[in-house]
Amino acid sequence: MGAIEKFQEVSANRHQYAQDWKKKHNGKAIGWLCSYSPVEIMHAAGMLPVRILGSHEVQDVTDRYLFPTVCPFSRDALAQGLKGRYSYLDGITMARTCSHVQGTYDNWKNYIPIPFKYYVWQPNHMQSPRAKPLLVQEYKGFIQALEKFTGKKIADTDLDKAIELYNTNRRLMKQVYEFRKKEEPPITGAECMEMVVASQLMDVAEHNNLLEQLLKELPTRKLNRNFGVRLMMVGSEMDDIVFVKMMETLNCTVVIDEHCTGSRYFWDEVKPGKDPLAAIAERYVDRWQCPAVAAEFKPRFDRILKHAKDWKVQGALVYQQKFCDPHEFDIPHLLKMFKDNNIDTLVLEFDVTIPFGQFRTRIEAFLEILELELV
Amino acid sequence: MITAGIDMGAKTIKAVIVKDNKIAARSINPTGFEPVETAEKTLEEAIKQAGISRGDIKKIFTTGAGRKSIPFADNSVTEVTADAKGTNYLLPSVRTIVDIGAEEARGISTDASGKVLDFSKNDKCAAGAGAFVESMSRALELTVPLMIEISHKSTKEAPINATCAVFAESEVVSLIHTKIDKADIANAVHDAIASRVCSMVRRIPIEKDVALIGGVANNTAIVEAMKKHLGVEIKVPEKPEYVSALGAALLAAA
Amino acid sequence: MTTEFYRWTENTWKSPDIDWHKGQTITCGIDVGSVSSQAVIMVDDKIYAFCNTRTGSNSPDSANKALSISLKDTGMKPEDIQFIVGTGYGRVNIPMAKKAITEIACHARGANYMGGPAVKTILDMGGQDLKGIHCDERGKVTQFLMNDKCAAGTGRGMEVMAELLQVPIVDVGKMSLDVKEEPEPVSSTCVIFAKSEAIGLLRSGWTKNMVLAAYCSAMAHRVVGLLERIGIEKEFVITGGIAKNIGVVSRLEKELKLKVKPLSPDPQIAGGLGAAIFARDLLLKSRKTA
Amino acid sequence: MTTGTKYKTAPLKCWQKGKELRLEAYRDLATGHEQGKLMVLGCAATPYGMLAGLGDFVFLAGEPYGASVAADPPVSIPAMETYEARGYARDMCGYMRNFLGTMFQDKYYFTGGPFPKFDFAWSVRHCPAGHPKWHQIVSEYQGIPMNYIDDETMLATDGEQQARIDYVAGQYLDSIEWMEKITKRKYDDEKGIEAMRNYFINEGLWGEINLLNGAIPAPIDIKSMFALMPISMLRRHEKVAIEFLTELRDELKDRIANKIAAVPNERYRMCMLTPPPWSFLKVFRYLENYGVVFAGTYVYLINSGEVKFLYDEGKVVPATPPEKRPGWKTMKNREDLCRTVARWRAEHPFQSHLETRKKEYVIMFKHWKANAYLLLINRGCVPMTTSMYDFQRDLNRQGIPTSMFEGNFADCRDIDETGVLDRLETFLEGQGIQKIQDI
């Protein structure tokens, strides 16, 4: 099986994968809810970190827990828990960031039986010199709790090893992204999304091997498809592969992204230092910012623009989870930034499932703006 | 003792006459723009049916959205209280009542005596369930009965996500234009409503037995979908659209 | 079947002075929308015939119906048409169409044809959605916005009101203007809320006209909000059914302090017309390459 | 139907004075610069007394301002539409939308004149998606510097609290340096400490006043409380506020002694967890027809430092100023000041931990001798509404009746008034409370 097929298989059967992993390694699995959750530490604890995501199915089990204007992703994620799809998890954690997913965590904690729960109080004032020292302290608390739960000491060498593995993972995925700069990318946006999603579900070492394999395949991989317009996807959480596949049948290719479950999650590596905890804390303070913790537009926007230029995008699909206020703050300013740089944009608002008909029309109309010429 | 209950609904007005704790007559008319006159007319029809005279009626209670607009009423009660009373009379074993009206859906939990313990109503974005069926039957160019009939023949699921009735409509329209079978769309419409109503009802404790009342309860497809979503049997009283009016009449006798 | 107050009346038109046999290009655009469908036939660069009919419960039939009505007593047969472009909700599902183009591009093109190159801002109030479109002097879309989160301000809202008040939607506009003084706009932005608000107003003794006035101005309000986001440039036109609702249009003009440029022959055919023009482009292009 | 009048009633004597003090605070903003004062934008949770170290200042808290605009739909709607026209979403913080709307219109609500231009924004991040980003938009638009303190340290029970308090104290220290830099003024520790002392005293006074409403009949109704709130919210650092709140407190004690009621036919008592929709205050008047009086609300009257909860005894008492608490230091310099504020914030967080809040809700319910809670599903504020269903379940579990409605505290377009009133009538009917008469 090729690497891409493997990624697809894992993300399609994510729950089976995790349960098999537990059997095989006789280990524990821990679910995490926000991309600020320190996977390195969970891994060092000998656990399988599993990102909790939605299933994009219509559901009616969350309305008694989450009020009407909580973002669909937070609802969908909680629904999975309420339906028992994550019953194999031994623990759950989240890093303090946005209040929507906070609701998912709190209700999970209160209404879904799970042995281990830990809330990492992530300092959100990233510009403050006070943030890193505190985060180190918070991580110490997290480590103690994990050690108590697993009965396994977490040594600095474990942390170093985890850092090494995740840095490799990040580096390799960025190398795959490099291929998307080509005129005719040998990998589609949907395939890339599956790769990154899988990286948040799989054993990182195993994912690294698959990436090595993929990087061998890509140089000779030819896709027989209409590449069309080069698009960038910018926004909040996004793992709706069906949607991206639909989009890429409409004469366009997603060549780069900036979102919670994509590049924003993995782009920055840990700068190894003497003290591994300090190094990890530094990474999660200085990393590519989520609008939920950013109080300045510039750092995020500069990086987005650089991506857009390096990957030669012709248009940007700016989207958000419905009701995601952190992104809603940024979007008008983000659109202006794109406009000032002559990059056309289309804004979409995502729900748990997507009304394909209407979204298809908007995307087609957008592509028509970019390439339908009149006589 | 003879009493009457009048349900001043936004779409229809119903009257029920109760004689010595037995239903003596029922009548219904579209509300129109002169609700008071319609109420008068509806009541008179019931009186004729019951073979009594206006003077025999000891008390008249009103309920429903327009309950306060009736000068000749002795008192008014809210739909929730009336629903509970009426259902308790017809189906004493019921502890959870679901009432789906044109604009609003309600979940009511009651005790053995029909007293309201708790209730929930749909929030802003889930309003308009009942009316949704009708406008969708139009989009499908089917009468409501026909839509119900074919809905039972559905084989495939076609999800409708939007909670907003108006957005849901446009989802249905795009489904229609993507060659999806009418039966499956009809089914999806009923399923979507049931799903929305159920998630609202879940805010109150759901105890057996569960009853579905209100005009929409005549819609067997929705009843089916409700069973599926709540995972319990659902009782539907005879003439479910009259339950509120009946409750009001019974409360007038109390 | 009860009367459907929310329906727009159907209409059809044929040019008295064009002999289609003499035409170099005969093209057609078919717009299958959520509520109504239009077919527009162009002979060279002139509108030869069009019709505006109801959308049925499947696109191919609706398309066929529209096409055959517009061809009625023209002597023209479907096979005489050299290129057909489909647009609207049902565009991907119109058998006789050689290409599908979105209603957004088509509305702009059609409005540009009817309104001239000065038209820069187009408002399309459809049954299910509200579109603000900005285009260049050739009618090419440069930007568009659609209503999100809330269906408030869509044609559907107006239909709901018409149903509620049992008023034919074609009369809504002039009735809404027939009030002694302009009432406060309906405050609720949600269609369902607006409905229950309207019921409340009726109960408190408002006349139908006042309720309609309050709803029309609320709708005009919502629209202005959307338009301001894409920037209103002269000239400004409205396509789609609501364009015929003088109640909304006049209030819109008042708020924008800007006259809406009327579109003839019919603002409702903008989509179909645009499609017919695109069809002509594509036909000429294919002849060049051939 | 009986007219249920039971008690005598009388208007508040200090009402007029309160009104003047309130408007004065807002008017000052229009002329702040002419008066040579610093103009600072912040939020209700900003310990703005600290600003006194920089000299005279006027301070605008975004929330009460947004609320004032929201309470006035003819102004609020066009303001929000101006904001929306710039592409900002309709489902964001309701206060902010009203604030930014009038800013974009350049119409300052209280004078109708130009919107104040601030020297800088100093915010507290007590709301995960909110205030710093709100102020970020202002600072972009007005071209003013901004800084903020990341707070809400009580959100977590995991891990140790002290490190977080150090983190918050550190940010306060840094922000003082930052203020000195951007204002080119020397920070006078003494002045800052003095103003914060007033601030803490006022907090306690306001708490005492709110707790007095535990009396039957309630001496003051929630509408009047809200009307006077801005004094405690905007002028906490001033002596004049201390004087006024003392006067108000004494008058209330006097009303209690003489059984002077806010609502003469009081027979059913309710309280809230959050503020109401400001455009919909008539809901309280409407409920008076049923003999319902509102004793208070948790957010704004209780949860920002006004009271101290004695969890074991299930009691609540007015907060004592930190320096007078056992184990707290007297403030001598800015370090003490920052530590005290940080520690005080940690003990009186705007967003405390869910489980803590659940306890506090019950204590307040008992203290106010309430019969039921009125809960708002607030489409205009995520943090105030997250877990509302959880709270409802918890209250019901403890036998506390709740009535819940959906609306928006700052967007009149988001409320189905007829629907809400109908819901409340249904609830009261279930509670055996009938309408008394139209007042």
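Note that the chains are named A, B, C and D in the order they appear, and that numbering of residues resets to 1 at the start of each chain.
The rule we apply is simple: a residue touches a chain if its C-beta (ideal position, glycine included) is under 8 Å from a C-beta of that chain, and two chains touch if they have at least 3 such contacts.
These numbers come from a predicted model, not from an experiment.
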{"item": "Joint neighbours of subunit D and subunit B, given as chain labels", "value": "A, C"}
{"item": "B-C or A-C, whichever has more C-beta pairs in contact", "value": "B-C"}
{"item": "Intercentroid distance (Cα basis), subunit C paired with subunit B, Å", "value": "37"}
{"item": "Chain centre separation in whole Å, for subunit C relative to subunit A (CA means)", "value": "41"}
{"item": "Where subunit A and subunit B are represented by their mean Cα positions, the distance between them in whole Å", "value": "45"}
{"item": "Inter-centroid spacing, subunit D versus subunit C (mean Cα positions, whole Å)", "value": "48"}
{"item": "Where subunit B touches two or more other chains, by residue", "value": "65, 123-125, 167, 170, 173-174, 177-178, 203"}
{"item": "Subunit A, residues touching no fewer than two other chains", "value": "64, 68, 357-358"}
{"item": "Interface hub residues of subunit C, defined as touching at least two other chains", "value": "89, 129, 149-150, 190, 193, 196, 199"}
{"item": "Touching residues on subunit D, where the partner in the complex is subunit B", "value": "377, 379, 389, 396, 406, 414, 416, 419, 422-423, 425-427, 429-430"}
{"item": "Subunit C contact footprint on subunit D (complex, rising order)", "value": "73, 77, 81, 84-87, 89-91, 412-419"}
{"item": "Sites on subunit A touched by subunit D in the complex", "value": "64-70, 96-100, 102-103, 106-107, 110, 118-121, 123-125, 128-131, 133-134, 137-138, 141-142, 145, 291-292, 294-297, 323, 325-326, 328-329, 331-333, 335"}
{"item": "Footprint of subunit D on subunit C - complex, ascending", "value": "149-150, 187-190, 193, 196-197, 199-200, 221, 224-225, 228-229"}
{"item": "Contacting residues of subunit B [partner subunit A, same complex]", "value": "123-126, 159-163, 167, 170-171, 173-175, 177-178, 192, 195-196, 198-200, 202-203, 229"}
